[in-house]
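This is the structure I have questions about; it appears just below.
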Amino acid sequence: MIYYISIILIGIGVYGLLSQKNLFKHLISLALIDTAINLFIVSTGYINGKEAPIYSEFTPIANFVDPLPQALVLTAIVIGVGVLALGAAMLIKIKEKYGTLNVEEIRRGDK
Amino acid sequence: MSQLLLILFIGSFLVYLLTRMNWIIGVLANIGLAIYSFYRLFTFKVGTSESIFSLIVNQNGTLVYSELSKFFGIISLIVAISVYFFLINWLEKQKNRAVFNFFLALITASTLGVFFSGDLLTLYIFWEIMLLFSVLLVQMGKEDSKKAALNYLTISLIGSYMYLYAVFMLWNRYGTLVIKDIVQKISVETSIFKWAVLILIAAAGIAKSGIFPLHTWLRTTQGSSPDAFSAILAGQLEKLGAYMLVLTVAVFPSLKMFPVLYGGIPVFNYVLIVLGMISILIGTLMAIKQNDMKMLIAYSTVSNSGYILIGLATMDKIGFAGGLFHAFNHAIASVMIFLSFAAVIYRTKTSKIDEMGGLIWKMPLTFITYLVGIISLAGIPPMSGFISKWMIFVVLVKKGMFLTAAAAFIGSVGSFLYVFRPLAGVFLGQLKSKHKDVKEVPIFMLIPMLVLVVITVFFGVIPGPVLNMITAVEKELNIQPLEHTMTVIKSSVGQWNTLTVFTMFAVGFIIAFILYMVFPKAKRIPLTNQYTAGEFLYNYDLYHYSTRFYAFFERLYEKHPSVEKLYEMFGKFFKDIGEFLNRWFYSASPSAYLLWFSIVLLAIFWVRW
Amino acid sequence: MISLMIAIPLLFAFVSIVFKGLAKYALPFIVLLNILILLIASTPVVENIGGWKAPFGISLVLDDASYYVVLVVNLIFLLLSLIPQIIDKGYDTIILLLLTSTNGLVLTGDLFNSFVFIEITAAAAYILAYHRNNPYGAFKYLIIGGISGSFYLLGTIFSYVGAGSLNMAHISNNSFGQLTAAIAILFILGLGVEAKLFPLAGWVPDVYASGSSLTPTILGTAITFAIMYLTGRIFITVLHGTFLDVLYILGLLTVIVGEVAALRQDKLLRALAYSSIAQAGLVVAAISLNNIDSLTGAYFHSMNDLTAKFILFPIATVVIKGFEKDRLAGFAFSVASFSLIGFPLFAGFRSKLLIISSAFSAGNYILPAVLFFASIVEAAYLLKWNIKLWFEKSDTSNNIPWNLKTIVLVLSILLLIIGIYPDLYLDASRKIAQSILDTQGYINSVLGGI
Amino acid sequence: MTIFKVAAVLLTGFFVGLTLEGIARKIIARVQRRYGPPWYQNFIDVFKALSKHGFSHGWIFDFGVLMALGGVIATLSFVPLGNLVAFPGLDNVFVVLYLFAVGALGMAMGMVGSGNPNASIGVARALTQMLGYEVPYLVSLAAIIFYYKTSSISNLMNLQADSWNLFKMPIGAAVAFISLMGMLGKKPFDTPIAPAEIASGPMVELSSKYMGLLMLMHTFSIFVEISLFVDIFLGGGSYLVFLLKFTVVWIIATLISAVLPRFRIEQVVKFYWRVPLGLAFLQAFFVLIGWVF
Amino acid sequence: MRRFLSALIALGLIIILLEFLNLIPDFGNVDLSKRVSNSFINKSVDGNNETIEFKKSKDLEDGSANVVTSIVVNYRSFDTLGEVTVLFTAALGVGLILKGLRRKRFYREPNFILKTANGILLPLIFLFGAYIFIHGHLTPGGGFPGGTIIAAGILVLYLSNEKFELSHRAKILESGMGTVYVLFGLVGLILSGIFLRNFLPTGVIGELFSAGIVPLIYVAIGFKVGAELSNLISEFQKEGQQ
């Protein structure tokens, strides 16, 4: 189920990138795709009836879901954040340079 | 041979340095190198081979000295030496002299390298060096020479890459690149493979010698390249094409490889003959139209290359000899013509026929060079050009190839038309007022031109020496050698004696001269004193018929299909595609990038899942 | 030891935030240290980071392939560090980070780790793309790069799901049926953007031609080479040649499209950017033939290409009008472009020759034809530019700093030497090719006893 | 011996040529219901022109005329007149035809060298016309050479002892005759001279001995052209028979030209490349498949 | 039209990915024993065969109770170093890109409630953040969430105070902590010849002072991420000159 949700989210992200003309929306769509993929990664590690992979008083003995995807997702999230921040900074500059975030107006401005 | 090539390549750097110091010394050094290699050509023993380094691992490059390489080497060095002599004065007005000289020396070196090459890859390497530097030389000419150089480069590269493709097909199949070995192996080849290989190899020759359909570069390139270099281009570089054609039809034994059709000509050679026919027609008809004299001769080159190709492709003892001899004659004649043009342009700064006139009164020796050049080019006895044309005619008629013969006749008679146009427009007729002060060119420009005149006349009267070389080549290539003596050329359908013809011409001329001297002397009147039906002439510039000389004839084929336009269309098409790609793939918005991204994903998935 | 090649630049990158200007001066020494490490290292070395053995932890693998690739990459950075003029203030740290990530990219034996390093490279590249106030181009690059990164990540995850590990050797050792195809598709998309494959890599011209000399010089050389290595490693060593035919078609398309598009350009930098695309396509196509000669040819060609591009890009950005004043730079430029075209006696010819002959012996007659077509077009526009810069009248010409001039001259002479005596590059690329093709050797050296 | 033969040929050319030209003038006059000049009028013309003091337009003008006359004399000496053959075995068809071009070139050069545009136009037309008639002519000759496997004129002449080529290859003969009309510059193919349009074209600036020499050259040219036709198509014969055939051909050509108007120059080329060239190819095809009577 | 096409392509993409799903195990039905994580959970990479019990097992190869942390900071610590680098690069890049811009000001006092609440909440936020990253090896969370929480505190500070500017020391902290991370790795290299080797004793699983360098690195990461994100926040407060 979560697989489907994440895939649909990817689809929505792609749809957003394709159909929108505002660069900020592109960036958001990119973030959406990132998130969807992260969701997918986490869900590949889930095992029915198992618990979070932390040894604690409640789960002293290993009966855990796959912890590796969770670790990977942590990395992926942070990387996504970095890219997002860069994109946002560039958007500020684009706005400053062209006065707009609309793709078509920018292309007109470039010529 | 590798020693000679090494000397030439190193020497060319020396030439560069010397030219930077003093350009006359540089030119002299260049001449020295060329004369030295000319001397060395006679000292080499035919049949020797040397191995040099190669670019393919585990494979030595080889240099082989054959009769063929000797023959072509001599042609190219005669051309080179005469043009270098010409440069002693001519170079004064050229920019970048050092580079010019350097490139020329490199071109001569690599041209010899091509002729010496014993394997296909070494040949290609020298070929490309020659190409590169000739392109760089071409663009040193007039304004539009930059574009012309690119045109030349593109078409030459099409040819040479097709050649390289064939080289690798052979390498892949036989594991060797040595021509001798390949020839042995390909003779027994039965598949379509040999067709592909030979057509691709021929493409290089076709592109270089300006045969249809790769002839389009000649007009612009020769029209706009530096004037002295046009001579090299016509005399030296286009003969590389002829060499390549010899390689295609004779060194690769087309007689053994292909079934023989009508007239005892291999079926592959018929393809070439058809191309040669088309070239003759196109070259002739287009040359008649040109107003720029260099472009005019450029088209004549197309036509003459057609003759060479037809002669070679017949693979008959007399036709093949005719092709080779025609290569020789055309080299010499076109160098004479281009040098005389260079002399004219040197003085008048224009190459448009209708901007000149009456220059014979100012530059008589240049005129004589041109006159002898065109007589040889048009194939009129007693110059050597006729001998080769005669041989080609004879073989075509003997074999009953009437259509080809008709094309050859049209080209031959048509050449009277086009060579006469500069003669009438530039040298004869009324002198333009702006050219009143033009002088004959300096002595060092005249010397090579007049020497070439002597050579042409000499070989027109006594073609024996050249024919000896040609028969040696024919023997080497397992073609029956041409029967001849010093002055008599024999064929199965008759013979003729060059010396008799020349003697009779001399006798006739003397008779005419006696008559001329016997009868009362005429009064010399200026050209401006004309029969004008009683009208008074006020502008002699207008009294000169040179614009659209053959307008009435051109009218017959005004609307002709043009390969050049076709290629231009291709070029434009590519550029439009480039623009399209740039627009839709490379300068697009992020959405478009993702669109292509997704489409690739969908496509791969759809095709491969 | 080899982890030092990643750790030391990273350390200095961190430190250089505090000590401004340190990076610029430290860069040559760091690169030299890296090269020193390489020189004393012997292949194959597998270093398990944190001491966790192969399929579990992350391993750095220095086999023949990565050895030479890292060497080349570091040499490029060394050259770059010798021309500090083109590195603007603040970007020196980015270069250090780029060095880190490129080394990591090549050395790592772990798929997810390679993703991380690709992302660092990409982030640094986005910043470089921005270099001369080119936010739109950089942003476009960022979007498409981000998406491709996502797909690369997806591919990584799929391989994890399939093989249960992220270690390349381990994945290579497992076979998992049709999942391989899915992974291959995802990796094609993930790497295609960085490998400049058509039509995935629309960002290239806008980024390369932004006017900065730093951006194309480093992205078009070191990074491209590393990505080409990674392409070979993933598709041949890890995925055993799955979907190479798709890569082949894309590569050929890229060659044609890149050259045709370059023909139209009236800006030199843009033309060079397209040429870069086309060469990358050629290299990918040659890699996809998947035999020793073609791989050798591919990496050889890639090296020649990057040598030439290291000459062309800086000169093209500095010189706008012509070579009147600076004939030596002009000489270097011409040599580089002739090599790129593939005239005999220049380096590019040797590699093209090798690619062609390998293609023929693999029974492939299309790649050579496309290559020839590309060469013709390339010759047309590169010579056009050469002629324009050499022979057309020019009033002014920027002065080229002496160190850049020296470097480009040395490189151009190198190109000439390689053209005649190619063993220097050829041996390296042959080792790379052998090592990439030697899947079993790779698995054995990484997984060891298992 | 050769010298005498050559002299004999040249003298024949001079006397017979000029005489026949005079006769031709008479015939044309009779066709046009005029009385016409006497048969020896051309001798008078030539000598009168030669003896006058005239004008020269510089050395190329003189040289051109000399070259023209010299070339044609050389050509004539190679043409067999019946059994009067100066150079047996060496009288190659192509050599004769192309040596003939030397004279034409010399004339063209000298006349254009006079600096008169009418001359240039005339030469341009002459060359264009040459392009027209030479091709079919050469193709029909090529068919004959192919058939007899020799290109020596005297051999060709001797080989048709049993039956003339006129009957063996009638189409080729017709083509050659049409081309001959063009060569002779007779109406309807006298466009290059066209006295009414371009003031006699090439000859516009000629006077005195130049005119005389050119007239001689013209006479010799006619002699060469018709002799070739007679030798190749009408089987030559002994010297006297040859002259008889020659006269007949000449008179027929004159009669035809006397009644026809003039073509425009591009019409000439079009005509030659359409009808005679097609016929020549047809003839060549017949020869190839062996349809020779 | 554009939207329709976009939807179509997105749909195609979804179908492809769905197709890919068929190739992997169903959601929740993963066979853990085939994956390397099994060894991570049992901490048996180096060959430990005993079952692990909370607060009992001792001197394991990796001592953190949170298996994810053990992977992030120990087994795959190199990834994390790279991850930190990405963030570092991004922060640096944002700084470079937005160089020369000044802080945006609205020239009005922020909300009173915000200001007051800020004074109370800020220490708590920081404390919570610190708690998260110090207990990274025991409880869910770690350096990244902890750092993010700290950065959130800085954001609140920015919102509530028009004149607030992040000190330059944040950069030094960021750089210093990154250096510390690398140095930890280098120390491992020096001590045992292996980069990022856990050179401290791992202790008893589940205790605060356990797991060797893991908590130390997580603390460094926490500070680093906090400083980096704070820097990012402060950069994004800027705008072009008006």
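As written, the chain order gives the labels A, B, C, D and E, with residue 1 at the start of each chain.
What we mean here is this: a contact is a pair of C-beta atoms (placed from the backbone, for glycine too) under 8 Å apart; a residue touches a chain by one contact, two chains touch by 3 or more.
All values reported here derive from a predicted model rather than from experimental measurement.
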Discussion item. If you apply the touch rule, which chains end up adjacent to both subunit C and subunit D?
Written reply: B
Response to the item:
For subunit D and subunit E, the touch-path distance in steps comes out at 2
Worksheet entry | Chain pair bearing the highest count of C-beta contacts | B-D
Response to the item:
In terms of CA centroids, furthest away from subunit E sits chain D
Worksheet item: What's the chain with its C-alpha centre farthest out from subunit A?
Response: D
Item to complete: Could you tell me the distance, in whole angstrom, between the mean C-alpha positions of subunit B and subunit C?
Response: 45
Practice prompt. With chain centres taken as the means of their Cα atoms, state the distance from subunit A to subunit E in Å.
Written response: 16
Worksheet item: From the C-alpha centre of subunit B to that of subunit D, how far is it in Å?
Response: 35
Response to the item:
Taking each chain's centre as the mean of its CA atoms, subunit A sits from subunit B at a distance in Å of 67
Worksheet item: Which residues of subunit B are in contact with two or more other chains?
Response: 587, 589-590, 594-595, 598-599, 601, 605, 609
Practice prompt. Hunt down the residues of subunit C that sit against at least two other chains at once, touch-wise.
Written response: 112, 116, 119, 123, 126-127, 130, 135, 139, 143, 147, 160-161, 166
Worksheet item: Out of subunit A, which residues touch more than one other chain, so two or more?
Response: 14, 17-19, 23, 26, 44, 68, 72, 75, 79, 82-83, 86, 90, 93
Discussion item. If we use the touch criterion from the header, which chain pairs count as touching?
Written reply: A-B, A-C, A-E, B-C, B-D, B-E, C-E
Response to the item:
Listed in rising order, the residues of subunit E that touch subunit A in the complex are 2-3, 5-7, 9-11, 13-14, 17-18, 21, 24, 27-30, 32, 35-37, 40-42, 51-55, 65-68, 70-72, 76, 79-80, 82-84, 86-87, 89-91, 93-94, 97-98, 101, 138-140, 142, 144, 205-206, 225, 232, 235-236, 238-240
Item to complete: Under the touch definition given earlier, write down the residues of subunit D that touch subunit B in their complex.
Response: 6, 10, 50-60, 62, 65-75, 77-78, 87, 89-90, 92-95, 98-99, 101-102, 104-105, 108-109, 112-118, 120-121, 123-125, 127-128, 130-131, 134-135, 138-139, 142-143, 145-146, 149-152, 155, 199, 204-205, 207-210, 212-213, 216, 264-266, 269-270, 277, 281, 284-285, 287-288
Practice prompt. Please name which positions on subunit C make contact with subunit B in the complex.
Written response: 139-140, 143-144, 147-148, 181, 185, 188-189, 192-193, 198-200, 202-206, 243, 246, 250, 257, 260-265, 274, 338, 343-345, 349-350, 353, 356-357, 360-361, 365, 368-369, 372, 375-377, 379-380, 383-384, 387-388, 391-392, 420
Worksheet item: In their shared complex, at which residues does subunit A touch subunit C?
Response: 17, 23, 26-27, 30, 33-34, 37, 40-41, 44, 68-69, 72, 75-76, 79, 82-83, 86-87, 90-91, 93-94, 97-98, 106, 110
Practice prompt. Within their complex, state which residues of subunit A touch subunit E.
Written response: 1-4, 7-8, 10-12, 14-15, 18-19, 43-48, 52-57, 59-62, 64, 66-68, 70-72, 74-75, 77-79, 81-83, 85-86, 88-90, 92-93, 96
